[in-house]
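First chain written, first letter: the chains are A, B, C, D, E, F, G and H, and each begins at residue 1.
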């Protein structure tokens, strides 16, 4: 990241009257600022992208539907981008970007309805350089499915596992009971009745009788991905200094 | 039950000014009225027992501590009784009593702290004539424990399983995924943080991704036992009429 | 079910990247996997149906509107199906199917708005072979209505009763007080003010002063039906072994 | 009430620095200020009683245990009083007091544990001059009990019925379905699990499918009694003006 | 009501498979069954009206929008009707109907947004024969407004007051402090933030420091009206028997 | 405050391993750090006092019972202190201290049970130099009481009013409707049923239909006092610069 | 404001049957009645404006979308107005209006999605005559952003700061820790998962470990602005009397 | 761990009728089963310790007060142990034990009341071989405290940071904004009013605007420690395989 414009005056990038972008977040935290699309216009979004990419940073925009992505993209011609329709998340950058984490993140879903949240997390991990191992629809109603999934995660030597579930939120507990790597529970707002909005899934994960399950907010795929990346980053840093 | 005093005037048994006992509940519902001790004095309780046992009914008193049980017992000399210290539940009766259900009820706990609620349920089932298969401390953190428990339940050919859990409430889901008999989830108020009071365990059970789990109120061992007995009773009735 | 394709390699049916179907669920649990339509496309759904029906299993799809049902059906020509518009639930199968439970399930509603949830439950029971006795709009505001309903249930010798209610959720308690068979409370999200979303109805059922009422999640007609079927199945199994 | 000290300067009675008693409440509202004991000392309480009784008003003190009542009483010698141990409520007055409502209030409980709240309500009604018809332990688990209670209420020609219940809170709905007088639902904090603290009973009453049930706060016997008295008062006023 | 068709066989009116109408509710409770439109079709609704009006009963349909009212009306030609667009409530009847309560009900709103719920309550009272005194937009932010309203209620000699409020729900407390008639608090789902859905208004009314405020469910104008009518009915009955 | 020890190394005062005191808080915020006693031992507390007073700061300790206060005081001989038994709050200082705010804070309670929270707030204001005008027990059930209180507040020309209430939390709204100074709503955990713990009072204040009521956490007398002081401080600063 | 029409008969302005406007609110409270548009028609709104402006008062209409504003404006030709599209708030007046507060209010947002609530608050302050200092998008994820914002607020010598935040609601705490003026926390309904609807932001602000943060309801920009104005007004009053 | 008794029959250690210990948890998950003391007797606890230590495993007992620890210890003479009074947690083992993780875990508290939960987490980490860096009382009310803490964590090159907070739960967000290692938010049940029980702190952490904060249940020091250990373990495993 040597060519970053490091002028102290610009350490926060003011964009119009309403936006201040934290360009050095990636450097400081090991994970860049992610822009939440909701509440912004296509024009504001395009302006942020242009200014941020101009500093040399990659920028990730989350919760952006396909139509909005296309509209934004048409306003920032000449800037590279990648988009996940299922994850509703995009990245914009001007050249092969510098985050090259070395690690494997397993991303597991209990049902097919949880997949969008998994894809949001997977996208974030991939943008940071991680390999992602996707294993979907392994709900505990058929206990051999999570058993198989755990075996595959071990075989692929994943460093961390993001396990999503809605409804009863049971899957992270079951998976964690069979794994010796950090497990991140990602509750999803999939369900009805008491399970509506994912709060039951969240609480089940927080109450897990298997100690050591990390939990993030309901539907927070970006947060789950960020946490996985920070763990991989620490592994990379320690491996580097051990050599 | 032929010798029941069937005077229409007495079909509700008035005991003092505050208590009306439903003596024909057992006949009508297949499960007798259970007296909740809380909010009653030892004297009132003894008076109820004497009057009810005098009608030929067995009476069950729940949520009664050992000291209160002993105090009550000393006031109803000549009446038989049985008490479960762990279940905090007692029965009083004057002769070999008429409920003779034929069936096996498995009673399973996730942890040792859930055992009192299991014992309350088990006591109720035993008083109704059922055999009880107790399997305790089979929490999912070690997935081979519930697998073993399911195998034992099948081997003993249980008719229904009561599965209790606090904290994350995951166990009934896991057990139900391996069984083809009715499963009753009994949430317990064991836990802390978000899991305090058993509401999370209850909600997890209600949201179970395995369809067909019956749920009762938090800590409601009597209700779980009653439901198991009603299922066994129906089996018995159908077997009798099939012969 | 002798002709089931029993290859161990295929015990979980992978369908695309996002779906793993548990084909042996029916054999293992006595109740097959039910596919929740929400979060799936018509194409995915059709593919699941084709693959599952090909294994000899019947498949049930819940929460599917009429338009989606018609779209799915047009993609799986040659496969038999049945649909309930009120219950928003469908089944697909290739020949007279093997679940032949022998039993009668009463399905009762407090109001007319609860009927869709009842029909979902009834559909499930009928698909498993049960006879269904429908009794609708018997809310307790006119106490003679539930009294009549209880009399009819006894007359028809039902094995289990599913009682649905929204708003105050009082009906299962009243019905259970007059019946000696297992009663399943099915709360529905019908109501307004504090009763919005069915949580009050659910809690009233869980707090029932009549012990032994089984409760399922709000609006969970499939779960109520599955529980009824598991009870009938156990009766059938015991009757068979008693002969 | 002609001899009330009607000095405008004293229309609020200041007692020490912390208490301002509304002596004309009875005249203005038809129901006098009730002093909630909690948060006050025996000394403060005795001082209030002396000053209020000196104005000619009767004073009611609620939520006062027997020991505190005795302590207070010993400090206000020469003042008449009445106390209900079960209702934990007392009245103090210096002469046959002027509230003479003419009416009958039925006070009904679902269980024996609800009786203290009923007695609080009954005490208030009796102090205002009403006749009270107590009918306790008529829970709906035996449907003939509330049917009997309704018959008795009609026979005694009660003007209003206070119906208390904890747990599922079902009783007011059932009673109201059989009565053509105003019914006041009094939820009590009797229960466990989801029903702990009486919130479920409260919500069931608010959601009653029988329109026209008046509801008061959990455990608010004074409020239920006050409402009953205001209804009786209005009847009395209209009967008086009709003559 | 002498010409009511009193055939015991028809004491519940079955209409199609899904509806059982309680025709004798008015006679039994003093207040007829009110049909909640939601969850019913225009056709079902018209069929109910025709059958009920044919028995001589008046029928009230609540929560029915203007378009649906017009559609229903066009299917029941020859039957009289009245409709309140603001209250979204209608009545259908074939001749001058027999409920002639003699009394005055004050209906008061805190803000203009609460008016629809007031109009629902007012409609119900008027259909039962009561006179209604409407006083709207008297929120406590200008304390002289409720003071004026109380003066007007006394001047018109109202028998009971329905006081609606959303947001903070303060108005019934303030009004009750100045009145000596029964006050019914009608919380409305008007508000935002913590006050969204009317739960805060409801709880404020339940917690009122003025004892004796009757509370109904959020937005339950029918219930508030029904309660007011039952109070007026009791007054009428007592006045009649006092003569 | 010129003699403050201004060594940058000590800008946070480390006391043992568990405590870091922010000695410059008073200078930075205009309001010093207040130590919450709960979770600390008498010894730790005495050590904090000695070290802080040694820097020249006054220190306030909240939520400290009388026994603990006496124990602490005996360990810090030579240091001045003031204690409020009702407010359960103490201050320690070594000389006439420098906070001399010029302003009048009205502190008003709805009931006598709210007084401890008022006294906590009043203590804080007095320690900062403000004059406090106490007006207690002016609940809205007698509307002339808050009217009188508002008149007194205007007469004494108070700069800000802290209005506490439990139960329905109505008082701040009523008072604010009659005042043109900032009003701070202080909800208290006084109440029962739905009003238990003060959450209803809090929510009523937040939902106030009188715009501009400032709200603090339930029972947060220190916070209410701090806010009042910051308002008075700003007034003082502006008056000083205006001269 | 000398030319106000001060006829006692008109001290509440009745507009149609549903609206009573409190014209003297501005005089009494120092802040005029704000009309909430929701629940009113364009016609009613225009009528209110005409009548109020005719009394000489300025009138503010909140939560009014641009289309409705234009429709209202076209019906009140000849009356001046100002509108904020982002704040969805308008003012109407007939001449340079008399509220001329002298003070500076800082309005700060954590993110860009919080800006509409800030603009509502800012509009209110500006209409009362205050200067507004807007500082947007200073979320704590980059801690130097709030540090900069605090520095700017001090430099501009603001009298009070309104700090808005959704999600975690952390910003007011951080800002208050660096300021010695009153801070008003304005939670916004921006967020998802547990943070949906702004309740978490609200609770974080209420629980702030920095004493003295004033909190208003979620999304209550008008309330935040009104509180700021009342503080400025008091400053102005004291400065005026000090001269 | 070569001398572990690896008999398949004993892979679950049955201890009495109520306890099944998962002796291979450490091997399978990298973190051994932790026994929650609550709900067990001293005798049961001692028996578990003896049997587990006999297999060669270390055993950790959480939530055990000092008196119980001493009682247990006296029953297992000859077995080594370590106890943390503040953390209320103990370990028992028979020889220098085999978990030797290489890593540094920072454990940070917002206040002194959060220290017990920190000590529970720290104990767990130390028992697994980690070095622990304790930094206590760095609440955000003085923003330079967390800034200093972040600097110290970087200087000591910690691998992961556990950040505890009650009340507003703000600290993990602030710390995470300055660190590039995984941060675990540990909410504590320290607070009052809305913040009672730690739910607000939990929700603030889940809603953190800094992506990547891992959250555990309220008061779950064991879980926070376990998660930290699993991260360190993965680092160790990768470093080992990289060499």
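Heads up, the rule we're going with is that a residue touches a chain if its C-beta (ideal position, glycine included) is under 8 Å from a C-beta of that chain, and two chains touch if they have at least 3 such contacts.
Computed from a predicted structure; not experimentally measured.
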| item | value |
| --- | --- |
| Neighbouring chains common to chain A and chain C, by label | B |
| Reference chain E; chain at largest CA-centroid distance | H |
| Farthest chain relative to chain B (centres taken as mean CA coordinates) | G |
| Classification of the chain E:chain G interface as same or different, half of numbers criterion | different |
| Computed distance of Cα centres, chain E from chain D, in Å | 26 |
| Length of the line joining the C-alpha centres of chain D and chain H, rounded to whole Å | 53 |
| Chain B-chain H separation of Cα centroids, rounded to whole Å | 37 |
| For chain B, residues that touch 2 or more chains besides their own | 111, 141-142, 177-178, 193-195, 202, 206-208, 210, 217, 220 |
| Chains touching one another, given as label pairs in label order | A-B, A-C, A-G, A-H, B-C, B-D, B-H, C-D, C-E, D-E, D-F, E-F, E-G, F-G, F-H, G-H |
| Complex interface listing, chain A residues touching chain H | 28-31, 34, 159-160, 176-184, 202, 206-208, 210-217, 220, 222-223, 225-227, 229-231, 233-235, 238-239, 242-243 |
| Partner chain B, residues of chain D touching it in the complex | 109, 111-113, 115, 134, 136-138, 141-142, 144-145, 148, 190, 192-196 |
| Residues of chain F defined as touching chain H within the complex | 11-12, 17-20, 22, 25, 33, 36, 38-40, 44, 187, 189, 197-199, 202, 217-220 |
| In the complex with chain D, residue positions of chain C that touch it | 110-111, 139-143, 147, 167-170, 173-174, 177-178, 191, 193-195, 200-201, 203-210 |
